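Shared between the two complexes below is chain A, which has chain B as its partner in the first and chain C in the second.
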Partner chain A sequence: MDTLTIFRREVGSYFTSPFAYFIAAGFLLFCGILFARDFQEAATQTTTINPAFIPAVISFLMVFFAPLLTMRLLAEEKREGMMELLLTSPASESSIVMGKFFSAWFYYTILLALTLLYQLVLFAYAPPDIGHTFLAYLGIWLYGGAMIAIGLFFSSLTENQIVAAFLSMITLLILYIGDAAGQVIGNIDIARVIRSLSLQGHFSTSFQVGILRAEDVVFFAGIIVLMLYLSIRTVESHRWR
Partner chain B sequence: MRKGIVITRGRLAQIASFVGIGGIIIGLIGLIWRSGTVANYAVISLGVGIAGLVLWAVLTPREFADTITGKKVRNSTITIVTALLLIGIIALTYLLLTQAAFTLDMTQNRNFTLSSETKQLLNRINRPIQLTGFYTSRNLRSREVDEQFFRQYTVESDGLIHVQYIDPEESPAMANAYGATFDGQLFISYLDAEGNVDSSSLARVPRGVNQERDITQAISRLLMAGSIKVYFETGLGERETLDSGTEGLTGINSGIQESGMITAPLNLAEIAENGGGIPSDAAAVIFARPLRDLTQSEVDVISRYLDRGGSLLIMSDVLFTDDAFLKEDGVFNQYLWDNYGIRALDAAVVDPDASGQTPLDIISAAVFTDTDIGARLDPSADTPTLFRLARPVEVNLTSAPPNVANGRVIMTTTSGWGETDLAALGATNTYSFDAASDITGPVSTVVWSSNLTNDSRIVLIGDSDFVTNGQVLNGGNGILFTDSLVWISHYGEQIEFAPQAFAAGLPTIFVSQQQIDFVVFLTVLLMPAAMLVAGLSVWGRRARR
Partner chain C sequence: MIEVKSLSRHYGDFLAVDQLSFKAKQGEILGLLGPNGAGKTTTMRMLTGYLPPSSGTALIDHHDIVRDSVETRKRIGYLPERVPIYPDMTVRGYVLFWAQLRGTKEAKSRTDMVLKQFDLYTRKNTLVRHLSKGLKQRLGLAQALVHDPPVLILDEPTIGIDPQQVIEVRDVVKELGKQHTILFSTHILTEAEEICDRVLIIDHGRIVAQGTPQQLQKEIYSTQYYVQVGGGKTADVRALLQSISGVAEVSAEKDGFLVKSTANEDLRAAISTSIVSAGYTVLEIHQRRSTLEDIFLAAIKAAPGAQAGKKAKR
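And now, the complex of A and B:
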């Protein structure tokens, strides 16, 4: 059993579970309401519309959606005693973790792809800046990947899904509001360091405004790699005990 | 019996282990904190940390070996060390890329890419320039966005543009020294040989909606600082450029100097008496309400200056004396009429339909916004000019002198007129329209003229109060003066460029209510409902099994 097998199994479980559809419905309802409001305002007041609006909304939504997506991934396996079974299977710890991570990221990618319908609506009425739109979506895709990796790590720490969701939500919220560290911290150097560690800080002033900065890509990729590594080691720790 | 403190080998090793781990953690944090630059305290902490670990290993080698070789501990240690190594690699890559500034501007209008005009200007820089930004921690995000631009200016100028950030709350003395008044304020200056700010070249960078334009124009002004010299005529009883009272001109004098121009006094009477000429470096000469009219010899000096492409900004008030400046039948007024098709009239402007407290306080009713001078004075943009007791001026549009282009900038309403009974106005402050003797409106209050052969330029304004310290900030008064000076001195031609428009790429939507309803239906109802139905269907299928 390799990563691909786990990935297929997990993706299959997403699409045969009503839960994933309900999450998607909630996600689309929230994005839809905000998009419609923004569109209505832009149309009635003939103001401009920002192609990065929906990705910016998703960046906040993901603080709450990412834990919902990831809380069951490893915690459920442990609670149901399936982890021992998995560890005795030919699948390596890294295959298990990577397969589960990529399946969650894939599901998130589909959610993102669904929101491209909003961009198609914009194309029909006032073509948005394609480069800006593409970059905003690329940024929010990487951002989401990093959030899912963090959520997965917390799911690997406990067998209680609620605890996993709670811990990752708190962490993601801190990493989100770290962007506004300067609002509460007087020392600009400390505020800069905190902001440079926040997820939102690497999205709001680059991808969201239409700029690709190599360091932001490395930041998100780095978070994903680090969190996956820690998750793999946590799963491996079952063998040590 | 008093028991002393006993330090055992094991206790010392334990302390060494704490010091070792603590030192390494502090050292690593220090390295990250300083964004790649190696701080002394970080190196010392790392050194102390390593020494602590070595001491621990030497003092209690078995305990040390057990700690790092126990299965659980070994695995945990490997995880921690590998994770730290991974963090180190990511942090190092991140810092190197941050310094290398690899960025790709993918916006349609290249909103974050410098225009070719800016790059050409940056090629002309031959001395180090510093941009000093005052940002508090609350303005961190703006600073990051600004940094995108500043980085490009530094790269494109081959490092000749330096950027320094100062927190005005941490360094209030610096903020005071610069005169910083708001969060995010930017200053520009040359750096001297020692790398210090050359305060004589220090100037504010205006902050509008277009970052690139503001910064590039500020650099442009700095580069041309001193190359444009403007003379104020001072020998005919004009308003004082050094008078900081409400009737003085210190406000506009400072404004001109902040724009990079040099101002200097000029005594026309002395020049005429000595048979000299207006200095060859005079980009423009300003007459801010002389009290007496010019003599023929003084007009000759001006004539020679204009013939070689000079420029005049003439501000003339209603004066109740016999020898008032620009008297209608005076030699200077006649000269202007004959050679430039413009002149001042011996009257006072009254406009009941566009005035302030009294009909003598004239508000600009009609502005010719297609001129360089009037472009920013659009009355609908809430920038009307306000003149107190203005004088009508006239432009000869039908038979202008050969090779002369001229026109109006500001006029009254059709209800306005030129009151010619100045004696009554001066003595009793009374005025009423007399069709037989008064000038029928609309009358002009600002006109311009240019000789197309020698490129000499003149702006004639029937008021001077509007540039005084007490009035210059009212409405568009400052704009009228600035844009008049910019035009006559050719200043604008040297700093004009076409910057990128920040918001140009964002689309504006024009749709009907029906189309809006459709979009709302599609995005708020249809899409989530379709997903909900799919979920219920899956749930139902599973429940049936």
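And now, the complex of A and C:
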């Protein structure tokens, strides 16, 4: 119930803040430009159209956009003294954190849904494999949730939004590059470990190519749960300082 | 309604609140009066469940703030020192948010009710960031009151707003005090006297004096008179003033003297009679209220065992 109250307020603030519209515009613009290029190439060079193209683009874009979506969530509350009122209301720390998390994930889901428009263009010219498209979107949806959870955690650590954004960007970048690094490293065991710890490694070889593996779903869900738990713990610790 | 039992709070090695104990009855307005750094905010933050006490505890409506935090939080309305706002919410949205978060029954009609009570209803669709400081303060009060809590904790609600608004806020608090138990902090002496049924004077996290404003007036405040005399040598006039019965201390100030009385009786008549009968003239005589500073000095002297050396710097 409290989670819902926090969620509603937070979603409302996404839709009234100009900054959120900038993020949405930037996000859709990037997707659109890259999609148009890919589409053109596919049309002229008769390569097949990849239905996971946009989700793959988003997996990289979100390294930069997720921190922008999440940086203010908890950091600003602390700085503005709002945390004091929230923590003295009967709402629990977990409902505060979860309300914030779901609002950001919801906003991301809307952005994702808007990119489906591009997919519609494909349907008009060269219908892609629907199963593959669906899996790619499911994957990037979970992937994005995990990235948002990581961003939220960094937002809980500091009062400074810029610091929160910076730290989560670096972390997300490492977790993105980890996939490629795993491919370069000679030792196959080490490479496997690194890849299995990276976020991208659970997307690029499964969802992105149209394969559903339970371990990837569990991995993303696990990251979300872990990050939410750590954020709740950090918020709780404000009480005890 | 509020029962504080040897509440203490350390920040590292620093002792901000030292074994504070006090009670506030239902419907009482209890003032927490003290200089900057006395520990008012720290005490309030412990009572509202934001800061855990280092030791001791308190009961709010018979619920323990440490063991039963959620229950106590439901029963408290809190106005922090600085009213935090969500800048892009409307006035009504903001109050409704707090109403819902605190599980208010019929949150919407309650919200409209408090908005009307604080004259904010006509501005219900204004963005919070566009409110003036005084209006924000009223919004803070509306937020604290929306779930109709039995206990209100208000941290310096009149700071930083213009005199007209100060009077308004004081009137509101007095009115609220008829139904709610209010803990009210301030560093303004006259404010505490005007509003509160009972006043605790705290300094360095300890109570240095307490009582109704009338009691404090009698026991602690020394009445002082500023006297300016025409004619006579300074030393002679001073000796004359000193010899009047009921005078404790005479000191020079500007062009005249500051006369402190021992008891709380009016010495003006006695002073002017003796000046005139000595052949001088009274140019000016007026009673002067004690300042917070004087009271601290007096209170610290009066309270045996209090650390007189550690007076607050202001």
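The working rule: the second predicted complex is superposed on the first by the 238 of 241 C-alpha atoms of A that agree within 3 Å, B and C clash if a C-alpha of one lies under 4 Å from a C-alpha of the other, contacts with A are read in each partner's own complex, and residues count from 1 in each chain.
In this text, a contact is a pair of C-beta atoms (placed from the backbone, for glycine too) under 8 Å apart; a residue touches a chain by one contact, two chains touch by 3 or more.
A quick note: this is a predicted structure, and the numbers were derived from the prediction, not measured.
Trainee: What does the overlay on chain A give for chain B and chain C, a clash or a fit?
Mentor: These partners fit in the superposed model.
Trainee: Put chain A at the vertex: what angle do the Cα centres of chain B and chain C make there, to the nearest 10 degrees?
Mentor: 160
Trainee: Of the partners chain B and chain C, which touch A:I33 in the superposed model: first, second, both, neither?
Mentor: first
Trainee: When the two structures are overlaid on chain A, which partner does A:M82 contact: first (chain B), second (chain C), both, or neither?
Mentor: Only chain C; A:M82 stays clear of chain B.
Trainee: Could you look at A:T16 and tell me whether it touches chain B, chain C, both or neither (first, second, both, neither)?
Mentor: Both partners.
Trainee: Of chain B and chain C, which one touches more residues of chain A?
Mentor: B
Trainee: Determine, under the contact definition given at the top, whether A:D2 touches first (chain B), second (chain C), both, or neither.
Mentor: Touch partner of A:D2: chain C, not chain B.
Trainee: Minimum CA distance, chain B versus chain C, superposed model, integer angstrom?
Mentor: Comparing every C-alpha of chain B with every C-alpha of chain C, the smallest gap is 7 Å.
Trainee: Pick out the shared contact residues on chain A: the ones touching chain B in one complex and chain C in the other.
Mentor: 16-17, 240-241
Trainee: Spell out the part of chain C that touches chain A in their complex, as residue ranges.
Mentor: 45, 48-52, 70, 73-74, 76, 78, 80, 82, 84-86, 88-89, 93, 97-98, 100-103, 143
Trainee: Considering the complex alone, what residue numbers of chain A touch chain B?
Mentor: 15-22, 24-26, 28-29, 31-33, 35-36, 39-40, 42-44, 46-51, 114, 117-118, 121-122, 125-132, 134-135, 179-183, 185-189, 191-193, 195, 201, 204-205, 209-215, 218-219, 222, 225-226, 229-230, 233, 236-237, 240-241
Trainee: Which stretch or stretches of chain A touch chain C in the complex?
Mentor: 1-2, 5-6, 9, 12-13, 16-17, 80-82, 84-92, 239-241
Trainee: Going by the contact rule set out above, which residues of chain B touch chain A in the complex?
Mentor: 32-33, 71-72, 75, 79, 82-83, 86-87, 90, 93-94, 97-98, 100, 102-109, 111-112, 135-141, 144-145, 148, 165, 167, 169-170, 503, 505-511, 515-516, 519-520, 522-525, 527-529, 531-532, 534-536, 538-539, 542
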